[in-house]
Amino acid sequence: MLNATGIDKRFGAVSVLEGVQLTLRAGEVHAVMGQNGAGKSTLIKILTGVIAPNAGTLSLAGQAIAPESPLAAQRLGISTVYQEVNLCPNLTVAENIFAGRYPRRGWTALKAIDGPRMLRETRALLQRLNIAIDPARTLGSLPVAMQQLVAIARALSVDAKVLILDEPTSSLDDSEVESLFAVLRGLRQSGLAILFVTHFLDQVYAIADRITVLRNGRFVGEWTPAQLPAPALVAAMVGRDVALASAESVDAEAPAKQDELEGSTPRLSLRGFGAQRRLHPLSLDLHAGEVVGVAGLLGSGRTELARLMFGLDAADFGTLQVQGQAVRFTHPAQAVRLGLAFCPEERKADGIVGELSVRENIVLALQARAGLWPCIRPTKQRELAQRYIELLGIRAADSDMPIALLSGGNQQKALLARWLATSPRVLILDEPTRGVDVAAKQELMNEVMRLARDGMSVLFISSEIDEVLRISDRIVVLRDRRKAGELPRGASEAQVMDMICEPAA
Amino acid sequence: QKKIVLGFAQVGAESAWRTANTESIKSAAKDAGIELKFSDAQQKQENQIKAIRSFIAQKVDVIGLSPVVESGWDTVLQEAKAAHIPVILTDRAVDSKDTSLYVTFMGSDFIEEGKRAGRWLEEFEKGKPGPINIVELQGTVGSAPAIDRKKGFADVIGGDPRMKIIRSQTGDFTLAKGKEVMEAFLKAEGKNINVLYAHNDDMALGAIQAIEEAGLKPGVDITIISIDGTKGAFEAMAAGKQNVVVECNPLLGPQLMSAAKDVVAGKTLPKRILTNETVYTQSQAVAALPSRKY
Amino acid sequence: MSTMALKGRAFRIPPVVASVLLLLAMVTFGSVMYTGFFSAQVFLNLLIDNAFLLVVAVGMTFVILTGGIDLSVGSVVALTTMVSAALVEHRHWSPGVVVPLVLAGGALFGAFQGWLVERFRLQPFIVTLAGMFLARGLCYVISIDSISITEPTFTAIAQTRVPLFAGAALSIGSVIALATFAVAVFVAHGTAFGRNVYAIGGSEHSALLMGLPVARTIVGVYALSGFCAALGGVLFTFYMLSGYGLHATGLELDAIASVVIGGTLLAGGVGLVAGTLCGVLMLGLIQTLITFDGSLSAWWTRIVIGALLLAFCLLQRLTQRGDGEAAAA
Amino acid sequence: MTTHDMSTPTPLPARQTPPPKPDAIWLRAARHPLVWPLVTLALILAVNASLNPGLWHLQWRDGHLYGSLIDIVNRAAPLAVVALGLTLVIATRGIDISVGAVVAISGAVAALLIGNESAVVNGTFMHLSRTPLALVILGALAAGALCGAWNGLLIARAGLQPIIATLIMMLAGRGAAQLLTGGQILSIGYAPYFTIGSGFFLGLPVAALIALAVWGGMTLMLERSALGLFIRAIGINPRAARVAGVRARTITVCVYAFCGLCAGVAGVIVSSNVKSADGNNAGLLMELDAILAVTIGGTLLTGGRFSLAGTVIGALIIQTLTSTIYAIGVPPEINLVVKAVVVFAVMLLQSSEFRRQLRAIAFRGDPR
């Protein structure tokens, strides 16, 4: 259906894609895999006319094409969900879905938008996809996961020959992924060609008919899932063999910890802590060297908890104690000064400062804690940036390039680097692994655990329960913005799921 | 007897002259026992029209208007006429064909002021050989006094082959711009300049500073003429730095008040009320300085 | 899937409603304080005297919604009055030809600016600032003096009043302005062009990726603003019956202020055309109050205008508190 | 179809991007953001010089330099100072349209503090000052900074949009300046005060030296502290800056206060230069020129990217243009048209997009 051959793309002196090829057939789901910065999103931008390749040809159903803009690509029947949510936060959900092809009514000459029909159709569409969102809400007021669902709904609602999805599932939980897959299977049946990018191996094996692997901007190969078991796939992506960690691999010295922690003053302690309409009062302790996982459904209040703890939103009730001292944060700067760090969930809105360089983004929090003066010298900054670029494997041409030009997963790593650079005593991570590739995720988790061993307290929020299970010493479960309970290390996934879903008896 | 209510639509507060004009009207109204509704239009005609409309809505007895520009008053003046409110123009006329729209106009004639400046220069330079190089500091481009003062002056000196306006640029009626433009003139023309004609005193005062800073003697090396007659110009003349000022009297308050009373009392007024204005030379200026009010 | 229904946020007064309430409060204040204030004609005068501002501000609203700005509108109004007056009075062209001509000219002028902004990625502020100099300068090239219009059609339109009730009347200009306003509300909320304008204001990059015609819309928005400025200029010509290079100085600032006071974010994407009407009425009302008071000197006039604006904006913010972060971001 | 069984993938050869060729110096220089403003300045100067040969004529007169260039630098000084302050405001994605009014306020405060006293000292008539000179200057600057801080508070604390907050200051501030001067031009007689605006130090105009000092001080401040980083972060993504612990509000207030302070400095320079304070007209429309200077210098109005040196060059460009218009005798009616044409030309010249498309057109006919 869609065919790309010999695609080259250079940005200045940096070559991002070299001789990449891709064959997308009608009626298949084709997964494109690769590490962060391998060039997947760039390839997709070329396929959909956002950027022009330096060399190479595209053809659609045998006909050579050269889309000049996303609009042109859409006209050719290519429907796309880009990696970051690329919708308009100020429009309603319905408008976002129908932008560019609004239903009309009345005289055609007047071209009036049929608002009620648009709402009706959106509601029907969302229902079909099993998404519970009010179509009249402004998109920006929704959490990022919901926005992602809306973006998917938009792409699915077009009559297209080719559907391209760039990491559509990075913020979604299992049930949502499952219903998305159900829809995709239906579409595949009807002959659509679907291109799908993800970092979740299980999802690839669940849906993909074919896998193309990119590494370092080069085409590695194309296989069917049966030909390529998971270890081989990872090896193809990374270029060497990597042991895939299982949940047990880090269990070693864990059980003793709990006992020794009882009694000591917790590093961070919440008592009846909450805020009107955002979070019911809850209590929570975070000890030195402890990783506490937070699990819950979308909208269960995990992000709110983190924001309240960090002083981003004002708490209405309860107390927050740091090292036994009661504090009241009115500004994140105070939290930062006391050694807290918060890696936010919405990296585009709350995280990256797009036009600043990777280096400046990494030192920003450290500098903010130091105040205006002394200024971290540029050589020192470069050193620091280089250290984290190597430590976390951030793929950047150099540390002076604007962070907005990094690939999604690498931006996420740079944000983590920003907070690690402040050597915090309490690290709050909200979905830190979003969009990070398998190997890097592994390294990232190892790094967090290493830091915890050295005495850092970590609050780990993630939608992926297996991840939470693997890393946490203790798991706090939230439901409907209240604490549903706590589970000790070693709890099974089923136990957590039960607590997440069922109202407590 | 009911107190007379006068609504006055002033141009703005763009210059010292205007402030003196406003002060005069306010104090005269107080003295005459007339209730004054004062509106400042910030140099915008549309604001003056709005003000007149609200004066009509408030049913004032007389409307005083100092128009920003001559044209464009027919509609609103007709509304005033329909509401039987007499309108007195001050400072500047309007160009309506229908002269029944206002009862009288009092104030100066800008063209005449320009002519007086020109005539004084003719007189002053009589018998001297040419060429006489003049630089002109114009007022704000497009404003009525700038256009008319330029025209009146040019009309008079145009007949004299010795006189030549070598540079003419706008100084926006302000001291700072006057100084800046004069600086540029001095750099470009050097000692060629014989006469400076400024459309108002403020610009002349700025130009005097520029001339001094260039190492020349204002009033001696360069003859300086300006219009308005503010205190600053009189002081400059007393110090010998300026040669002549053509007065444009802002103290219209008392005349306006007596006209307002007459109109309300039903008397007919002449269509044009002239104001007392003189051309002051240096010696006259020294004598008049102590009594200058503004 | 997401089983939890999202709880709505606390009830909040929409900004436009808050503005209307504040306007009503000011009217009440004026009526109590000043005799003659509470009359139909005073309120209609608000529309008559601000008709051109309303039209210009409506065009400006669209530009600001895309995140741009148009500083040239005041000068375009002046140029329109000048061209109309010169053609009608000096060349004796028929108004039926002149009016469409200047409207097209305004739209073209705006489109040219929009093209510069879009094609060469120039900053709207300087493009339209240069446009402002250019249009104002062209006025003086035509004539530095003012030109009175005595042409019968123009005078007739200028002086016709549409009687409403109890002797109160509207001018033709204000009727045109209200019609423009109604059309603009429809265009902004009911057409694809309007929604694209909002989308571009929300995120130009996203709009591009969503396949919206970004280039066309940006050029269109500036053309619309130019058209509205020219239409405002025609209304101004009716209002003044003269063409003059110094007409409508600083009008761009009044228009921008009306739009922003009406609750539109200068950063784009958020705001309502109806808010702009509130903004225009608000500015007009402040001026009316001050004229009715009639005791303020020139400088106190300015200070009081500033203070009233401040009070209005602060109260408006107060009714929307909690939205603060979003607005500041 | 490229299906090969690969359980142990062959390692790819290391990516061999040829090392980027070191560009010629002039190519690298041409990419420097200040090049185009400088080219513009040079072009305008060249036009001026070709029509007005006196431009380059510099004289040593009365112990100081004298000539058109000195005038330009001297006149550009207050504009440059205002624009420098404004640059930081714009870098935080704000705007300040009240600077003109603040210029008037600070001049008026200075004039009032000096007062209008005179006496005969040692047989010569002299104007005196009511307040010591240092206090006069301090008072005027404080008035400016206060106005700026008020703007900053309205914006950062009350959450008003910058354009509205500063519009209020622009209106009320102009009114306050008129109130202070009583709508008159207050003339200043105290001679030592004149040094600031029209004096010379080492043969150079003091006003220009002040502007230079402000520029130098700001550059130093931004280089030596993290202020530049914070301001850019706030300008690009205020939410993210806040999350990272940057005190965005405090910095915003300070930046506006500093902008007010700069306007205060300009007010002192202007009032001292014209030896008077004019509440009605001082600094009128200066905000437009200042914003123009900032933008011509390469600062983005959408925040994040700014250049102090660019702003200074921008101010020089504007003043050179004005002087050129005066010097070559452009009739006042077409001043604005000339200015418009130059601004259009300048911004196109500076647009990399325009240059790229121009090159594309130029090379289209070229068979290479």
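Note that the chains are named A, B, C and D in the order they appear, and that numbering of residues resets to 1 at the start of each chain.
Keep this in mind: contacts are C-beta pairs under 8 Å (C-beta built on N, C-alpha and C of every residue); 3 or more make two chains touch, one makes a residue touch a chain.
To keep track of the chains, here are their UniProt names: A = Sugar ABC transporter ATP-binding protein; C = Sugar ABC transporter permease YjfF; D = ABC transporter permease.
In this text, all values refer to a predicted model and were calculated from it rather than measured experimentally.
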Among the chains, which one keeps its Cα centre farthest from the Cα centre of chain D? A
Which whole number of Å gives the spacing of the CA centres of chain B and chain C? 34
On a C-alpha centroid basis, what's the spacing between chain A and chain C, in Å? 43
Could you put a whole-Å number on the gap between the CA centroids of chain B and chain D? 35
Distance in whole angstrom between the CA centres of chain C and chain D is 30
Which chain C residues reach two or more other chains? 140, 144, 297-299, 301-302
I need the residues of chain B touching at least two other chains; which ones are they? 13, 19, 22, 141
Can you list every residue of chain D that touches 2 or more other chains, as numbers and ranges? 178, 183, 239, 333, 335
Every chain pair meeting the touch definition is listed as A-C, A-D, B-C, B-D, C-D
Listed in rising order, chain C residues that touch chain D in their complex are 116, 119-123, 125-127, 129-134, 136-138, 140-141, 144, 253, 256-257, 260-261, 265-267, 297-307, 309-310, 313-314, 317, 324-325, 327-329
Applying the document's contact rule, which stretches of chain D touch chain C when the two form their complex? 93, 97, 154, 156, 158-165, 167-169, 171-179, 183, 238-239, 279, 288, 291-292, 295-296, 300-302, 333-341, 343-344, 347-348, 351, 353-354, 357
Please give the residue numbers of chain B that touch chain C in the complex, ascending. 7, 10, 12-13, 19, 22, 26, 36-40, 42-47, 49-51, 53-55, 57-59, 68-72, 74-75, 78, 95, 97, 140-144, 147
Residues of chain D touching chain A in the complex: 1-9, 11-12, 15, 17, 20, 223-227, 229-230, 232-233, 236-237, 239-247, 304-305
Which of the residues in chain A end up touching chain C in this complex? 50, 69-71, 73-74, 80, 82, 86-91, 95-96, 99-100, 102, 110-113, 115, 130-134, 137, 140-142, 146, 154, 175-176, 179, 277, 297-300, 480
